[in-house]
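Structures incoming, each one as structure tokens.
Common to both upcoming complexes is chain A, partnered first by chain B, then by chain C.
Then we have the complex of A and B:
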């Protein structure tokens, strides 16, 4: 191949700058060997919302003509490498720009590579990643998802680690020397970053994924209406009123039938219905109106619309009644209340298993304390380990144990 | 709601001496409009004053809202129209420009508002006289556009406008253009029909499934991505295409009910039957053109006039048929389009585009004149005609646009 295309699937807002730096780094590194390239975002993703999956692309080619040939599409239809800097996106991508769920590996060419930052074993990630009818390679950089808050860049070297890993995956286009040279010359470069890129090159793990291996589910999709099927006047039917949960009791609102937020969140609330004091605070505070009112007066967070913001956890007055848990440890979007009602003991066992998972209850994004990134960076660079901070210091961290 | 002053209104037309703006207000009263918004700018303000008089005189019951600017003026009627109110609005020149953000959204939202544009030169320089560039701002956006010539046509076209815009097949905004001063401020004898005739012609506005109402919960104008936009544009395009049929139907019905009105809704043809040269213009420019044509006819020169009424939808087929038989065409634009092909005004370039596929394409000469309300003189028209005859003789179009009445 004389051209190389990579996409990066990232979390809107939180990883916006990270993704832009990676695609920029790819082009600048390739330039070091005299190649041409372009880095761009999927424009439809551009009005990003917190956590909503979005995409950036980089195309690199030997000549300008080859570059143009590969740029002639609004968005690449095939990529050699898909880069994902948050492993909860393994469940799929439902971006702002389209309807339905796109498997994370959908665009990868046969024999191409999926490069993910993750601490999970291959098997756990594969439970989420949809199966494909052609083989591909899954390459892992052992690291947590790199998140910052709104427009804040988390300087944890993730971008140069990705570049170092790419030098191993596609050496014909990005040599390690070219990457290191580009990293040290780039406006955000440093010797330490060059070291990080080299370490990622050395430590990169990978596994061949066979055709048909992975999550057998069919991703939900929608048929877009033809122009004459659409209601005129840029109008859509309002979402109808909801219904009682059962026996005339409780209330389950109707929700947007097209836009689901299954892939938007990185964490979800786990609720202890036994200790809930029915204070309504979660229901009233949830920005996405996720909570269904149960017949017994408790509240069930509906996973169709939860964006994982963690507000409910922050407002709940009862200790450990709501706990945010990383999305990667869940395999479905089923109702917690239904499970609890069916078998309270089994639910308690399930719940304790989730909320006592120290890795999974670390808040995956946001700035928590001064010096945090430096601390994390150090431990990750030296040992590949991570500093763990549960909860939000100053808010609810004192209630959480690691 | 109109107020019934007498138990039985006369079924006969009333003869009144009224201006073009007052004629529009008469039509609005007969059409029983519900909401009207106002913000003064000359010459449109004559209409808002005339409507205010109708309301204060008890002939019309309508919400009369004075907005704080043209943008709000059009926003208010847009929303009122969505809840099924029959609305009226209007402006002139840069006032119309100030409302642009709202003017842009009304076609895709399928708001059948009727607006009067009292044509006025755009600032700068601050001037009151007529130019057509203000109304032409919206020519590409899904607004229907027509130009009127007399008080009678002002009244009749306003009634027709509601009938067309509010037809479910169309649901597009419609702007009626009236030349500032020449029409808005000139009083002429006008026949005002009785309400029962109007009721036979103009059905109630029914927004149906697009009406904002608690019983019909809908969300209007959500944010969308590129996977919806083309379909929405296509819907507007189809509505505009259907408007052609609906306009034809409306004029036929108008003639049936009122016993007057043109056979051809799209343009007036004056002495074109055997004409060697056909002149084209919009609005009140017809007057000097007609008089000069009569003078030339007296001297044996076969000249005719096509006065365009409808600019959107553009009557391509009928216009091509009417123009193909001439030996030369002269288009006089009361507007400008700087840097356009041949430096022509908007109408000349539209006519050229329409004629591109015609089997016979007579030479075309384009003129810019009457800007800022300056008079187009009979001498100007004679000069225009001579140039057209010269083009007819040479068989070639002139590649430059001639400016009329400019101090050289």
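Then we have the complex of A and C:
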């Protein structure tokens, strides 16, 4: 008599179909192992937005009664396995205003497992993941985060690789044979995918994480209003007007203090203030009003409100003046302009180090043209990436088939 | 034409002469739960940046309501109120009338206050069209209704609306093996319809936030001309159109350059085209629509045949008597009358 619960932490919309496939795969693999399962999304994440963290859950139990007992919850409070399909979520999860920053490993039971897709070494991921007072295991699938959109799916086998890895992590619930059988029978399954699941099972790396190991920072939280403090008619005070940056020059808008975009961001703009021509285009085109106007007329992307869309890089007329760089290579949200003002040479060294990192500047955030995902997969393999299978998938990439 | 003098004074809002002269103040700021690269959030920001601090904004249900006011928090600096899905028109009219009445009775200081109601394409072009139409006939009240059109019910995960383009993949129109094109209706022509159908509405315009200064100046014109006005904004939507959020700005530009969406204003019955749209009307070439369509996952199932059909329908739009504004043709007398003007 036993049950296990897994959560998938993923990027809203970008990975919605991926997460749905994983939890569905868990349930169907459980059936093939003679057990019962259920999959559901977290109600509070809907409506999903591109990039905003979201969760799906899967529960597997030996008997129907036990499954029902575990289903009688709005949202699981503890999970045996947390599956994270984008390593930039290691910095934390903030789904709505009022949540504050929730550590990625918050729900993992003592001795549970965090299964994460990443190309980073353990040490780098642990710099981001908040410390926990109980030990857990970190298991790694060597893969880049797989992003696509609502309608066209990136068939890079991530879903079956996760399922194969789970068979190794919780063999008492999902056997590898059951996973392979389920994968071969699913509408999006194939023999190639079965091979990928087996490979992931064989190659899974893992490491024990001690209690107290990890990012020592206290995740930020808010003082929530009490019900008696709320005003009549559910009215709330407006945000005050912004102020000049300093000495009456520049402009810094006031911002919503209860919802920041730290954890929505998958990439961030790195700005070359020396080549900036002060054309205002990034500032006017930013949907999140994240650019503060500096006294010298340049613009500093405020990391509390940048959600990392990349529109600024797209509209910037100067080459390499704004470069989007993967969030995983940054350790804090400090102002780039302040660093540049303090020491221009040190800033230049830092900036060049970031923007010349070819791994971190790769961008695959959804559809750009037909056949793109197949091209990306091929070039990744050609560049010596982790072989998924012998073949390049892509036949199914035209349509969503969840 | 004594009736055309409006009793309500409006604010004085001069057009911005270039991007460098745009005001720095933000009245819609950060901290909203919109998608990465959300063009509609940009529309909100530019709309109130143009309108200024003495503005009341009313929003009907949609992304710009749900995403912008998550739990008891707000990114709005100006007063904002939610109104029901189909009622942006009624909310605009009621607020404008209420303010006027309070000022007449001396219960509040008499001053021109901008009233803007926004609606999505579902709330405006589908559900709210009757109320918007009614508001546009009440010429004694100053208000602006701004339709932000992301071409689907994007908030509830992309159901098709009357503004969804032909053939697009939505939750309600998934392409299948037996039938590839499920959504076979052509999109409504909202701005043209509002301009043609409301002779006393003095200002109707189309905008796209990729052309930010033009957009803000049209909002300023709509708020200063007097009476009810209407603006239709085309907003690329990374979630529903399925593209890399980085391309939001570029897709807005492509929509104009391919002639899928025109930029124009109708002021007191006079049509004025803007930018690329103007050069298209003057006969310069349009980019092929495939450059716009094939950058979006929602059209990934299109074959050459579908692309050709879409292109032909767009070509047709530019053959209209008043190109891309109202779908009338071969009215010789109307044409002669226009030439006299």
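Observations
Here is the rule we go by: the second predicted complex is superposed on the first by the 362 of 402 C-alpha atoms of A that agree within 3 Å, B and C clash if a C-alpha of one lies under 4 Å from a C-alpha of the other, contacts with A are read in each partner's own complex, and residues count from 1 in each chain.
Just so we're on the same page, contacts are C-beta pairs under 8 Å (C-beta built on N, C-alpha and C of every residue); 3 or more make two chains touch, one makes a residue touch a chain.
Small disclaimer: the values here were computed from a predicted structure and weren't measured.
By the touch criterion defined above, A:64 lies against neither chain B nor chain C after alignment on the C-alpha atoms of chain A.
Contacts of A:260 after superposition: chain C is touched, whereas chain B is not reached. By the document's definition of touching, both partners, chain B and chain C, reach A:96. When the shared chain is aligned, chain C comes close enough to touch A:310, but chain B does not. Annotation for chain A, partner touching more residues between chain B and chain C: C. In the superposition on chain A, contact of A:232 is made with chain B only, not with chain C.
Within the superposed three-chain model, A:44 lies in touch with chain B and out of touch with chain C [touch as defined at top]. When the two complexes are superposed on chain A, the residues of chain A that touch both chain B and chain C are 47, 96-98, 225, 230, 234, 236, 238, 240.
By the touch criterion stated above, chain C contacts chain A in their complex at residues 19-20, 22, 24-26, 28-42, 45-46, 53, 63, 66-67, 70-80, 155-158, 169, 174-175, 212, 238-240, 242-250, 294-298, 300-301.
In the complex of the two chains, the chain A residues touching chain C come out as 13, 46-52, 96-98, 148-152, 225, 230, 234, 236, 238-242, 251, 253-261, 264, 266, 279-281, 284-290, 293, 302, 304-305, 307-311, 313-315, 324, 363, 365-370, 398-400. Interface residues of chain A, counted against chain B in their complex, comprise 44, 47, 96-99, 224-228, 230-238, 240. The residues of chain B lying in touch with chain A in their complex are 108-111, 171, 209-210, 217-228, 230-232, 234-235, 238-239.
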